[in-house]
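Below you'll find a set of structures to go through.
Look at the two complexes coming up: chain A is in both, with chain B in one and chain C in the other.
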Partner chain A sequence: MLELNHVRKSYLGSCPALNGVSLSIGPGEIVGLFGANGAGKTTLLKCVLGLLKYEGSITLDGEAVTHRNIARLSFATCEHSFFPGLTPAAHRDFYREHFPTFRERRFDALIDFFALPLHRRARGLSTGQKNQLEVTLALSQGADYILMDEPFAGNDVFNREDFYKLLLGLLEPEETLFLSTHLLEEVRHFISRAVLLDKGAVAGDMTAAALEEQGLNLMDFVKTSLHYREDRVLNTLEQLDDGEEE
Partner chain B sequence: MRNEFWYPPGFPWEDEWFLQRCALAMTVLAGFVAFLLQFSAALEALQAELLLHQVAELPDDLPAMPPLPGLMGGFGICFLLLALGQGVLALAHYLWHYQGGRSIYRMRTLPQRSELWRRCLAAPAAALVRCALAALCAAALCALYYRIFTPAGLLPAHWLLGGALCWN
Partner chain C sequence: MRRYCSVLGLAARSTFWRVLAATLLSCGAEAALFLITLYGWPFVVYGPDQAWKANNPMGLEGLIAHSHIALCFGLGLLAVCAALAFLGWEGSGCRTGYTLRRLRVGERALSLLWGGYGAACLVIYWAAHAGTVLALCGAALPRLSEEAASPLSLFLACYRSPYLHALLPLEDVWLLARNLLLCAGLGLGMAAFTHERSHGGRAWGWIPLALCAALLFPLPMGAFPFGELDPAFLPYLEHEVRIYAGASIAPGLSALLLTAGSAGVLVNSLIHIGGRAAYEK
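Here is the complex of A and B:
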């Protein structure tokens, strides 16, 4: 169980990026993390990994996240955490060496699925291929909790759709996915729970089953929870029109 | 153990390896040349002083060559620059993890806590040791040169370490 209790994070000279976030994510869940730009999604994931200092507590099965249990977490980020000077094959060697639970068969299967060149340095791959390598590594590390932050920014829709299908068949029951994305429509059939962040706080947290029970779809839930103003486009256009007439 | 094990993953360590050796060779050369220049200048100045006083017979308090450490300033600066360069190199190794992405995230989330620092610091630390050994060897060469090419009568009593390091 990944537990976050009253997690707060402030960057110097700005308002809090996380303002007392409390969450529990159990094994086997596929959690979508949604929110507007600047809501604190990336900051939250980085705090979980210990990449940022924070107030509050984050525990993994009751223990603080340290180097002793960090291998149970993996991270795929749109910023790319792979080594640009290494080939996918060299990454496989590196991961094999550093992670005893590395899933080599899954790595090979994903490399085949994405048709990634095994012996080309990562810096020479296209943006889409870089995202695919990043995701492949996160999924193959052998982690129990897989954190993803906008992993497919820049990938074409077919690749994304196919990947989500593959992922459903790929993940084992105890593997947990914590996925931050803006692509609500694409992941709505895929996630088991939606967590919404707004201005650094949890604005909504509901399972897919509960949404279905209430007859809500994910987009409505997000819009309602984040107080989306349907009239904002119309208002802006009207303002522009008024200005031109004057 | 493989050489790349001591460098950030994907780092062009062969290039650094070559450049380190070139830098060390050039530092030894530059250090020795700096010593030779200081030695020659000191010897010429001393000979000029002796000529100026038109010393026919060598008196007891004859001015002598400065002790060896006094002629090693340029030599020391050359090796100091190389040593400081290792600090810059360690920083470059660290910043390498920000090139073309954020592999620093991967390094900081490895179960092996010391991996990042080992890969950033090991090569510069080894280069520092090589630098110190080379400096010792080159200093010994300078001392040998000083002892051989300083005229016997101009050799100071504590020529090797200088007055400051001698008790008597």
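Here is the complex of A and C:
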């Protein structure tokens, strides 16, 4: 169980990025993390990984996240965390050495699926291929909790849709996915729970089953929870029209 | 063990060719300067309007001093340090630090390993230059003037030439210790720089140390006031070539500065690497 208790994070000279976030994520969940730009999604994932200092506590099965259990977490980020000088094949050797639970068969299957060149240095791959390598490594590390932050920014829609389908068949029942994305429509059939962040706080947290029970779809739930103003486009256009008439 | 080797392999992959290139280029430049001086050596020098002329015997230490090859060593050292400081450089828009922190070897062990790798690269750089200068001196021996030619020319040049003496200190154990301390200080200093950068911090200590090393590496014999000098060398060092440092305070100061600076950067780097917990709150 990944537990976050009253996690707070402030950057110098700005309002709090996380304002007392508390969450529990259990094994086997596929959690979508949603929110507007600047809501604190990336900051939250980085705090979980210990990449940022924070207040509060984050524990993994009751233990603080340290170098002893950090390998139980993997991370795919649009910033890319692979080694640009290594080929995918060299990454496979490196990960096999450092992560005892490395899933080599899954790595090979994903490399085949994405048709990634096994012997080309990562820095020479296209942006889409880099994203694919990043995701491949995160899924193959053998982690119990897989964190993803906008992993497919820049990938084409067909690759993304096929990948989500593949992922559903790929994940073991005990593997947990914590996915931060803006692509609500694409992941709505895939996630088992949606967590919404707004101004650094949890604005909504509901399972897919509960949403279905209430007859809500994910987009409505997000819009309601984040107080989306349907009329803001119209208002802006009207203001522009008024200005031109004057 | 293989896990440690693989992170060392990672360091080698990202810097080895750059370090090798800087080493080969500086050794090549050193050889070129030395050979130009060797073949252009004026055995007789004339004063203005040929009012006077004097013999200019060719000796090894004179060749080394006039060819300014110590400059190549200094510039090459800076290039090697720059290459090593970018170890783990998150180029190509990548945040490799995110992955490095998840490795089971631990971030501190990783930085110490990379510090050791940097120090080893610098020792190899030092050895490469010592080998190059020795080979060049060996090539120059048949062309030495009668006054300077003797079976002991190379041996004596190791004591007479500050640059050659710094490269090959022979029995000058204090200078040997300074060189090793310098390699360790620079190696760990650059690893601390990489370590701190991945945490958003700064550890710049290696930069002034590298600059000082580039300028102050050549050191004459006897620069360390507590180093014992065999009295048998004095006639060769004081009266013949007048480069023995005993009479001047400058070499002693430079020896002290570089040694103390290396020790300071070494300790400071250990504090940086050891003091910052990877998952601190």
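Note that in this section the second predicted complex is superposed on the first by the 246 of 246 C-alpha atoms of A that agree within 3 Å, B and C clash if a C-alpha of one lies under 4 Å from a C-alpha of the other, contacts with A are read in each partner's own complex, and residues count from 1 in each chain.
The rule is simple: a residue touches a chain if its C-beta (ideal position, glycine included) is under 8 Å from a C-beta of that chain, and two chains touch if they have at least 3 such contacts.
Since the structure is predicted, the reported quantities are computational estimates derived from the model, not experimental observations.
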{"item": "Superposition on chain A - do chain B and chain C clash or fit", "value": "clash"}
{"item": "Chain B versus chain C as contact partner of A:Arg123, first or second or both or neither", "value": "both"}
{"item": "Which superposed partner A:Asp112 touches (first chain B, second chain C, both, neither)", "value": "neither"}
{"item": "First, second, both or neither for A:Lys53, with chain B first and chain C second", "value": "second"}
{"item": "Touched partner set for A:Ala64, first chain B, second chain C, both or neither", "value": "second"}
{"item": "Which superposed partner A:Glu161 touches (first chain B, second chain C, both, neither)", "value": "neither"}
{"item": "Touched partner set for A:Asp241, first chain B, second chain C, both or neither", "value": "neither"}
{"item": "Touching both chain B and chain C, residues of chain A", "value": "49-51, 67, 70-71, 73, 75, 77, 79-86, 94, 98-99, 122-123"}
{"item": "Residue ranges of chain C in contact with chain A within the complex", "value": "2-3, 6, 10, 13-14, 91-99, 101-107, 278-281"}
{"item": "Touching residues (chain side chain B, partner chain A) in the complex", "value": "8-12, 99-106, 108-113, 115"}
{"item": "Of all residues in chain A, those that touch chain C in their complex", "value": "49-51, 53-55, 64-67, 70-71, 73-75, 77, 79-86, 93-94, 97-99, 122-123, 141"}
{"item": "Chain A residues within the chain B interface of the complex", "value": "49-51, 67-68, 70-71, 73, 75, 77, 79-86, 90, 94, 98-99, 121-123, 130"}
